[in-house]
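Okay, so subunit A shows up in both of these, paired with subunit B first and subunit C after.
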Partner chain A sequence: MKNDTKTYNIDVHHVTRIEGHGNIRINTRAGVVEEVKLCIVEANRFFESFTRGMLPQEIPWVVGRICGICCVGHQLAATKAVEDSQGITVSPQTVLLRKMFNESQFLQSHVLHVYFLAVPDFVGAPSVLPLASSHPEVVKRALRLKKLANDYTAVMGGRVIHPMSNTLKGWRKLPDLAQIEQIRDRLLAAVPDVLETIAIVKTLKIPQYERETEYVSLKHPDEYALYDGDVFSSDTQKAVPVRNYRWVTNEFTVPHSTTKWSRWHRDSYAVGALARVNNNFAQLRPEAQGVAETLGLKVPCYNPYMNNVAQVVEIVHCAYNSLAMMETVLNGGLQAEDISHTPVAGRGFGAVEVPRGILFHEYAFDETGRCSDANSIIPTSQNINNIEQDMKAFVPQMLPNMSKEELTLHMEMLLRAYDPCISCSVHMLDVEFTD
Partner chain B sequence: MKPKVAFFDFAGCEGCQLAVLNCEDVLLDILGLVDIVEFREAISETAPRFDVAFIEGSIHREEDVERLRGIRARSTYLVALGACACIGNVQARSNFIAPAENFKRVYGEVDRNQAQTDPEFWPLWAHTRVRAVKEIVPVDFELRGCPMVPAEFVHLVKALVSGSIPHFPANAVCVECKANENECAFDRGETCMGQITYGGCGAICVTNGYRCDGCRGVLPHANLAAHRQLLREKGLSDALIQNRYRLFCSAEPLGQEIRR
Partner chain C sequence: MGLTVVGIGSRYARDDAVGLALVEALPTVFSGCAVVTLLWENADALTLAHDLLELPGPVLIVDCADMGLAGGAWRFFAMQDVSLHPHQSTVSTHGVGMAEALAIAQALGFGHPVHLFGVQPFDLSPCPDLTPEMQECLPVLQEALVAAVDRLVRS
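And then the complex of A and B:
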């Protein structure tokens, strides 16, 4: 097919779970790209509005409901922000438990993403569902790893989705040491499953498209930053404190999206596993660095499709890091702590890394101790702009060499690479030629 | 022929669909018993009819209302999946604020006005109010809670697959809490909604050291006046009682009461 005959009108309705509902729209006429739009059509829920009037202790519990998949991260970012507003500092024990809690969700989310997205491509299946009969061993391994990660979250937080044990100052009910020991043993026994996962991902044919962009993540002097740190830019090689996060996100609105967009030092920036691995590679556990090498991930990496690989690297990092943290807890035991608190006025800021990238929360409380202002900036809304920029850069490069089906598939895969939801198996495209 | 099952999501965190996938031990068995014909994450939305449609999320805009009515018309059974679909969940608290004010608080006045200028995308911004599914179409079964309880989901699927009607006893959370031999939240100096809230969760929040905030909705014959009086006696002002009732139950009659 000659380039100048390529008139595509691709309109993908409710394409993927980008925190819900999104559409892709691509129009090309006679080989020229006329329009590339990523439309976010999710209905508003107004968390930043209706949280007003709530008490400090209620905020993390309620705003965890922003996302079922990142509920632990939302709870933790909100807990840190509320504690900052209330002048609360927490014990090393609480920090350690929160890091374990957070990494349990990384394991769960990344495992889901790799298996529900990458594996169907690998075996040429339209989704994970048909694999249950055609590749039962792959599906069973995915479910085994996912169950282990879920059980880890439940042991730490009381349940998998919207856990209730974490609160201001510490734990309402401390995790059970015997259960942590069981999770440690199961994690050790899961090494063959993890190795098999790496082997599968190594066989994936990753599209080779690069676009240099700004990578933004937390950075911490002592560790691979997932729970704490300052906000680091790959462009400036400098970090700003979390309380200045608005310097970073610079949110703005566009008519075709109910999600706000972000930009910092250039038109857009990327957050997530690839941003973290790019910015903090040296602090990954050696086992994870080895996996990066095995899978051909060299930093800095400007190929957004490699985010899938970066997630596998983080699975290995979180697994080994969790084993070390579990040893610390099992050796030192856990002490009950006073978690009582009388609300005061104040404003506070909190950030954590969640599987999809850096997450910011901010709250203010009035003199009666009730919430008067709230703001939350989620990773996916920071990435949307960058994804659309990638599409605008890649569609003209891909157009001369690809059929409409290939082009559509590559756009699907680009979205999947950014969004580690199970749902992102975007195999439901409705592609039409205008001509 | 295996029953055709479909999942649809509206406004919510999608955690209840995730909770379905978290039934790892029985997921493959369930896939052997039913045909999942619509599940946005996995397959295209093309099936003409469903035996069972699961609805996740609350309903906010006219386009969502139309979509929901279309699903109801094509479904034998319709199940509200989780607190957003059953009772509007936490976001129904935004109903006490005008939509334009909600948009202003989230986007800022200038950005709100700029974003709402392109007629092609107006339907996206046409928020009316947060409604439970039953406010729009008849609901056959409710899987309550935030998130829904996997055991109840499995019970419902088993019953429908075997041609019987699933039964969910209307006990209070308080009953299950006693069965767990928990120390009462009131005795810990907390206040709790377990007396007036639908059970079925096993009182999981109180069991893990928290209280019940009523995410499963209010029991039809609960003594609400007595509960309000109890909270007053524990020192909660009417403003704080209203705040509490409006954490998860804003779209319930309890949350809509205005007391002076």
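And then the complex of A and C:
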């Protein structure tokens, strides 16, 4: 088809099942791209306002409710920020348990995204339901891995969704060592499932598209940064402390989005699995580095579709890293700690990596120890701008060789590749073409 | 294989916990036959699909269900007698429900009969207790559930 015949009006309306809605709008006329927009029309949820007047101990449990998928990450980022505000330093035991807790969430979320959202695209299935009939072993494996990761979270936090065991200064109820041992044994037994996951992902045909991007993630001198570190840019190869996170996010508004957008050294930046792997590859577990090589992920990688592959690399990293942390806990045991605390005035900052990227929390407390100010910036709001920039670069590149259907599919896949909270809804899009 | 009765719900969303409350109070022997009772709390639907595959025989799910009835009303039916519509295009991180969980499990080979004892909620707002109205209904609901289980065990 000749390029100059391509007049498309693509309106992917209501990318739903997020906390709000988003639309994809693409208009081309006679082969010329006139408009590419990712419109976010989600409503404010006012969680930051909810926290005002609360005591420091209450906040992590409340803000964990921001998301059912990233509840662990919100709780940990808030816990760290509140502890920072209160001048609390936690023990190595608590840090270790929190790292395990966080990685359990990575395993849950990445398995869910790779198998239930991404893989159906690549095998031509509209969702996991037909995939269950055509590839039952794949779906059974996914369910087994998801169940294992869920149980890991429950052992660490007391329950799968919105766990309650973690608190300021430590653990309200320490995880049970016998249960950790069971999870360790199940994780070891799950290695064949993980290897099969790698084999499946290796067969997927990843779209070939690249756009040089600024990747932002936490960075830590001693480890692959998921729980702690400074905020690092691939552009400058430098990091800033978490307390200066507003230098990074530089939030601004655009008329077609109720979500604030972010930018740092360029028009936009990306966070998430690919950003982390790009920035911290050398600190991945050797097993995960090997998987990256097997799957053709060479850093720096500028193909956003490879974020799914980076998620698989992180599944392997978290599985082996968790096994090592479990051994440490099982060998050393756990000691009850004093978690009492009298609130004081102060302001604090916290950040953790969650599956979709860096999550920032900030809280201030007045002289009565009550929360007077709060701020939370989630990964999706940092990524939205970059997704639109990717779409703007992708459409003119691919327009000459793609039909409307192919273009729409690739836009949806691009959105899903980032695994934003809105990705969960892209499968239920009604796609409307008006020629 | 014997019947497994599964109570599903969350204890933090008022009447969503009614299935848990009913199954917790259920006897485990009916007409001389042992009935296995399970509580699946706060489980996401993919976990439900996984756990259904582990069940060895017929299952009765006791759950709060929006059936367009008055609060506290109940219905007992075989899944095959109703039309659940798993949304082929909507399966997603946040969008997997009971219908999808059943559909996934069945596509993966779960072939045992499934019955549902559904109770219409009064209120599902975030709160750890059943509504007072639902608590008043519990004796009637318990009696109806016992009769339903007894019927399944005898059949």
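Rule of thumb we're sticking to: the second predicted complex is superposed on the first by the 415 of 435 C-alpha atoms of A that agree within 3 Å, B and C clash if a C-alpha of one lies under 4 Å from a C-alpha of the other, contacts with A are read in each partner's own complex, and residues count from 1 in each chain.
We adopt the following convention: a residue touches a chain if its C-beta (ideal position, glycine included) is under 8 Å from a C-beta of that chain, and two chains touch if they have at least 3 such contacts.
For clarity, every value in this text was computed on a predicted model and none was experimentally measured.
Participant: Touching A:217 in the superposition: subunit B (first), subunit C (second), both, neither?
Facilitator: Touch partners of A:217: none, neither subunit B nor subunit C.
Participant: When the two structures are overlaid on chain A, which partner does A:289 contact: first (subunit B), second (subunit C), both, or neither?
Facilitator: So A:289 meets neither subunit B nor subunit C here.
Participant: Counting only touches as set out at the top, which of subunit B and subunit C does A:113 meet: first, second, both, neither?
Facilitator: second
Participant: Applying the touch criterion given at the start, work out whether A:45 contacts subunit B, subunit C, both or neither, answering first, second, both or neither.
Facilitator: First partner only, subunit B.
Participant: In this superposed model, does subunit C or subunit B come into contact with more residues of subunit A?
Facilitator: B
Participant: Regarding the shared-chain residue A:143, is it in contact with subunit B (first), subunit C (second), both, or neither?
Facilitator: In the superposition, A:143 touches subunit B and subunit C alike.
Participant: One more residue to check, A:383. First (subunit B), second (subunit C), both or neither?
Facilitator: Touch status of A:383: no partner.
Participant: If we overlay the two complexes on their shared chain A, which of subunit B and subunit C does A:262 touch? Say first, second, both or neither.
Facilitator: Neither partner.
Participant: Which partner does A:75 reach: the first (subunit B), the second (subunit C), both, or neither?
Facilitator: neither
Participant: Going by the contact rule set out at the top, does A:307 touch subunit B (first), subunit C (second), both, or neither?
Facilitator: A:307 contacts neither subunit B nor subunit C.
Participant: Where on subunit A do subunit B and subunit C both make contact?
Facilitator: Shared contact residues on subunit A: 17, 68-69, 112, 116, 126-129, 132, 136, 139-140, 143-144, 146-147, 150, 159-162, 421, 423-425, 427-428.
Participant: Which residues, counting only subunit C, touch subunit A once they are in their complex?
Facilitator: It comes out as residues 12, 41-44, 46-47, 49-51, 53, 86-96, 100, 103-104, 107-109.
Participant: Per the contact definition, I'd like the list of subunit A residues that touch subunit B in the complex.
Facilitator: Contact set of subunit A toward subunit B: 14, 17, 20-21, 39, 41-50, 52-55, 58, 61-62, 65-69, 71, 112, 116, 126-129, 132, 136, 139-140, 143-144, 146-147, 150, 158-165, 167, 171-173, 251-256, 258, 260, 370, 421-425, 427-428, 430.
Participant: Give the list of subunit A residues in touch with subunit C in this complex.
Facilitator: 17-18, 68-69, 112-113, 116-117, 126-130, 132-133, 136, 139-140, 142-144, 146-147, 150, 159-162, 421, 423-429
Participant: If we count contacts the way the header does, which residues on subunit B are in touch with subunit A in the complex?
Facilitator: So the residues of subunit B touching subunit A come out as 9-19, 21-22, 24-25, 27-28, 31, 36, 39-45, 60-61, 64, 89-91, 93-94, 96-97, 101-103, 105-107, 111-112, 114-118, 120-121, 124-125, 127, 130, 146-147, 204-205, 208-210, 213, 240, 243, 247.
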